[in-house]
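Encoded as structure tokens, here's the structure I'll be asking about.
Order of writing sets the chain letters: A, B, C and D. Residues in each chain are counted from 1.
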Amino acid sequence: MSVADRRAERARRQPPAVVLRHLGEPGTVMRDLCAGLEEEGVPVLLETSEPATAESRPAQAGAVAMAFAAAQASTLGVGIGVDAAAVCVHHAKRPAASPVLTADLTQARWCGHNAARLVVGLPFKQRPGTTGERMEESWPHS
Amino acid sequence: MSVADRRAERARRQPPAVVLRHLGEPGTVMRDLCAGLEEEGVPVLLETSEPATAESRPAQAGAVAMAFAAAQASTLGVGIGVDAAAVCVHHAKRPAASPVLTADLTQARWCGHNAARLVVGLPFKQRPGTTGERMEESWPHS
Amino acid sequence: MTAGRTARGDTATLVVGVDIGNSTTEACVAELGVDGPRYLGGALAPTSGVKGTAENVPGVVKVVHEALSAAGRSADELATVLVNEATPVISGLAMETITETIITESTMIGHNPDTPGGAGLGVGTTVAFAELADCPPGEPVVCVVGAGVDFEDAAAGIDAAVARGVAVTGAVVRADDANLIVNRLSTPIPVVDEVTLVEKVPLGMPAAVEVAEPGRTVRTLSNSYGIATLFELTPEQTRMVAPVARALVGNRSAVVVRTPHGDIADRRIPAGTLTLIGEHSTLSVGVDAGAEEIMATLRRVAPLSDATGESGTHVGGMLAAVRDAMTETLADAPDTHDSPDAHDAPDARTGGQDVRIQDILAVDTFVPQHVTGALAGEFALENAVALAAMVRTSRGPMEALAEQIRAALGTDVVVGGVEADMAVLGALTTPGTERPVAILDLGGGSTDAALAMPGGDVTSVHLAGAGDLVTKLIDSELGLENRELAEDIKRHPLAKSESFFHVRMEDGTARFFDEPLPADAFARVVVLGEEGMRPIPTRHSLEKIRQVRRSAKHKVFVVNAVRALERVAPGGNLREIGFVVVLGGSALDFEIPDLIAEAVAGSGIVCGTGNVRGSQGPRNAVATGLVAEHAAGPR
Amino acid sequence: MTAGRTARGDTATLVVGVDIGNSTTEACVAELGVDGPRYLGGALAPTSGVKGTAENVPGVVKVVHEALSAAGRSADELATVLVNEATPVISGLAMETITETIITESTMIGHNPDTPGGAGLGVGTTVAFAELADCPPGEPVVCVVGAGVDFEDAAAGIDAAVARGVAVTGAVVRADDANLIVNRLSTPIPVVDEVTLVEKVPLGMPAAVEVAEPGRTVRTLSNSYGIATLFELTPEQTRMVAPVARALVGNRSAVVVRTPHGDIADRRIPAGTLTLIGEHSTLSVGVDAGAEEIMATLRRVAPLSDATGESGTHVGGMLAAVRDAMTETLADAPDTHDSPDAHDAPDARTGGQDVRIQDILAVDTFVPQHVTGALAGEFALENAVALAAMVRTSRGPMEALAEQIRAALGTDVVVGGVEADMAVLGALTTPGTERPVAILDLGGGSTDAALAMPGGDVTSVHLAGAGDLVTKLIDSELGLENRELAEDIKRHPLAKSESFFHVRMEDGTARFFDEPLPADAFARVVVLGEEGMRPIPTRHSLEKIRQVRRSAKHKVFVVNAVRALERVAPGGNLREIGFVVVLGGSALDFEIPDLIAEAVAGSGIVCGTGNVRGSQGPRNAVATGLVAEHAAGPR
């Protein structure tokens, strides 16, 4: 069994969680991602990817491929990949090349929220900087 | 990569489907299972397991283990295992030892329906022979 | 605590007020000092036996001890126990189904299998699958596939007939095989499956099979003129077929068979009559006239002196049972006739057999019932009327009960003032209230109201119908046949388990769980009760269950709250009431107080759930009132 | 086809009936032989320009050619084109918001963040996070955490204050950080987050923060007496705070700040008045009195001769615009005054400037609006009144139009009989119908009805309000600001995409897809329109959207159907009508005909969607009637 396989095996024995794979040391990007997931109440499992595999691909494909692999490893079917330039959220049931969403590193917090919302079936949060949707809530009148 | 890993890899490239693993030749049990899935409109992928791995375990554990492995391989996270005595429906997100349902071979059709319903989030059909639940539908009166 | 006692000196006396309710007995401990009562705590327990009888003693002893120990006091410090008047209230519930749906000659199949097959409309003569091979070419047929026919054989047989030139336009199938058959046909046809009594489908008759696209409903068979077009009906025949079309509205699939006398009838079942005896007039009304008519008749004879129901009907039985139960209670009470209560209606006499129904609440409801003659186990929502009735004495056999409590506790027992007055006094300990204040005491069997005007006058009323009727409506409208589950549904919000790891709450929010949820809850609506999630074993949607729950609360409590407030308000004008304080067990409900507040908001009333003594919520008002009254000294 | 022609001999003449509707122009081709008309087909296209004007010619030419080519005939075989009277109808819609919610002094926060933190109730003085370190121990405080404070710092700061003995009981936070903060505290507190204008929360004031368990709603801050208890309010102050409690009903989290003059007001906005001029009396009614009052006033002045709206209001503007548009249309028509139509109300005079409003429909609705003074972007559902008005002439400038059609097509053009008579004749080609029959023509701008008695008498009525008003109500009640999406929602069922591979239909059934659904539809409500799934960009639940859709249809079409049938029925008694045939574009709707059928079912009426000529559904009635009338020869 390869390292990746053993890791997948381990993940299966863990409590259900979104899997987050990233290059190098956890920094503020990872902190933001985890914060988004924690605020939504969905657990996350951090794993460092070997830079070797990731660096041989272009930046975004790195995040996408990592996210897809992470999604396969996640008992919840949701994975996040982070490379030097991008964050990607993926779902195990989607085609590998068609991730749920990708964003630059400044939008990590938003990605974390939406990875969690993917798990519990809530509509995604509006991407920061886009216009808000109408009617978050409303009080009845009489 | 082992045989099992390659198979999982192949499944991922397939269209989304429930994965069904069984011992030996497809027979009426498999036909019933597939009929249940087809009637509900959810695709299924048939795979024969090597008897070697399965026979070394007790009958039910065989079906359960096969179902769990099948669920891991399924892009929909739902797997079915069939051994000489039992049918098991499993979900990738559940603990390996706690399948969604197990039944004897005569209830294969019912298992097929419920594997499909697991995918689309419909309540399970009543197990054949148990008393039906109330109120399948009702017409309003005026 | 010790400091408090010392500060007040030795003059402080320890008293406990006890309110014996129909369902719940409540206690309030206080120390009476020079500057009024100092409340130390309270307790509550289920009432033992029928309110106002000697059976109540164990419950009273229990709450007194619990209240004392919660306050850190011992029984021998206790000076006086104050008990409310505990006038027995007996209430009853009954239900009459007043409509019935009957299909004759197997005219139609109006069920909704989860997985019908094909889409579109097929018209032809019904032919058994076994006879398909003998069908002459050219004739359009609808194939009826009975039990035991394999789906591959069914598809092959239909395809062979089509190849011979037989126009097989649709099929009706016993098994859950519709898509399996359609997927194997060279040309898809509409197929309705899971028709349990398929052998009863009349053969050799013109028939139509319609299946709509997923998420849509049939358009032709639910339209009288659609059926008329298919079967070339005359206007007279179209008139006959109109009920069939109406019954099929909203279905995704349907079958209509044209038989010589086929019909679907919505029969009204003659239910018993109810005779309402007012002080000035007596009127009878058929229960099948519906709740609105019954309540209008009630208003016409008001004030009500008594009511009787036709014997042999549920209503007759219920009214008799309520009367008998009260008679039995009073038979145990030698002192029934002492001190009639000035606050109660003069008709509430309680002598011997002279027990009279004081109020009735009729509510329109529906009950899911199997349709007679249906081929696929269809249910129809039949109309029904639920009735609550109430008998209440002006004063229970209190002295005997007080004597027994005295003996059991070894302290002085004082039978306190009028219950409504006590409730108002207790309610006024809610912060933010002042006279004119009305209380609404929402119990299990009755809804009681009292209005206290600034001068101190209290008017009160006791109406039939409260929390138990809500539970019954939920139980029967959802067809649960499980009162305890219905009670859970009444009290708690719903959710739907959407995966093994999360549920969606009825407000749309999601909640994630670390441990996988039980498989038997999968995709089910669950009620979030005290002991966790409880699946509801029906196929009703979350929205449907929620709507039944809320409408049951509305039909009982909003109606009764308005009825009660109009009866106590000066000139029936709600604007004369400044504050409404909602009390009682049903005031603990998570939505009933809001429903009532919304209903009276237009009248400029401040309405909210009571918070007795600023801490007890809607509980303990009468017990607290007893203490307050006692502390104020003899009036 | 050729055989058919030959069989009928050379005496058969080819005619096309053309119905110019407000929205749609329809044609019906037939061959008139000795034994009546033989229908060959039809066509339909959007009406070009305003009905009854020369602009209609291109549309007419188009449908005639399409109908002929569909029937396999050429234009030079055509003998006669029959055109309906095409009386112009101009309708208009307007909306007035009549309530407004204003929060003063930032008294409350009533929004529902998805993820508030903690659970319970906290009461204390509001303190900015930066000042927390200076708080003396002992004092209960509610911490206000502004923008830019990191959640770890927030949690550390609160924990430090607590360690010093400051009772931090709750927090109000700018960012979406509630759970992040609560998870890091030694003792959890209720935290309301995503308060966008957190810097406006008044500091140094008593405040309460309440967060309910998931799936539950606040119990204390939505109860007037709960707030009174927390802030020790007098009865007078409690009365002031009651609207705050009411606004918070149903929220999972809430903040109330007690400021000296803090208030929340439900102001009624004085909207304009509407003056309804009847034949016998004139009455004015304020639009803010609501739809019920407006419609009651309308009944009091009936029959209506005209209506005016206060200038400077939406209603005034709308009525003036409708009038102007009609005046302009008529100005193009030199022959306006020829042959006034006996079937129409005598008040529908059309001379020059003398254009009069013929009917008005008022509907109560609501519009989600930002609450003035709200701190977290809260919306309130403000009450509004929507109005539809209609002007219709007795006869349009038909001769000019007929002349132009004649020129364009090179055939004889005959202006046919009265529109209502033609519609009835066409409707009676629906199988299963006979006189007495009423038609209900549900269009875009108006709902028309006609009753044909067995003798042949036809009574007709034209009412304001139809499909376009339904679309407008859906648009505004959901706050879409997208009429085209609203039209889609009106016409098609809803679904919710629950995963990347399946959607749940509004009837609860599921549908699986082989291809992953687009990520932007994930967990969204979608409408299943002709071009596939279209996500609805709001956060309304499927049930909410469905309920708005159905109630809009009910408010317009059920109300108008009953109004119209009562006006045409002998003595207003619906039981005199045997059959109701529903026609027009809105009769194609998947639920409007069912809603109407249900509403009239009690009156023993057979009601269904028309099926003109047994094949055209609810379309083509007038065009078919023109042919039928022509075939029957001069009466």
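Assume contacts are C-beta pairs under 8 Å (C-beta built on N, C-alpha and C of every residue); 3 or more make two chains touch, one makes a residue touch a chain.
Computed from a predicted model, the values in this text were never measured in an experiment.
Between A-C and B-C, more C-beta contact pairs are found at B-C. With centres taken as mean Cα positions, chain D sits 34 Å from chain C.
Distance from the chain A centre to the chain C centre is 47 Å, each centre being the mean of its Cα atoms. Between the CA-based centres of chain B and chain C the separation comes to 41 Å, rounded to the whole angstrom. For the pair chain A and chain B, the distance between C-alpha centroids works out to 29 Å.
Counting partner chains per residue, chain A has residues 16, 40-41, 76, 93, 121-122, 142 touching two or more of them.
Residue numbers of chain C whose C-beta contacts span two or more other chains: 114, 250, 498-499, 501, 509, 511, 516, 598, 601.
Chain contacts here are complete: no pair of chains fails to touch.
If you check the complex, the residues on chain B that touch chain C are 35, 38-41, 91, 93-95, 98, 100-101, 113, 117-118, 121-124, 133-142.
By the touch rule above, chain B contacts chain A in their complex via residues 1-2, 5, 12, 16, 72, 75-77, 92-93, 96. Chain B makes touch with chain D in their complex at residues 15-16, 40-43, 76, 116, 119-122, 142. Only residues 498-499, 501-502, 504, 509-512, 514, 516, 598, 601-602 of chain D touch chain B when the two sit together in their complex. Residue ranges on chain D touching chain A, taken from their complex, read 99, 101, 110-112, 114-115, 151, 176-180, 183, 247, 250-251, 266, 366, 368, 371, 377-383, 478-481, 498-501, 516, 519-520, 522-524, 537-540.
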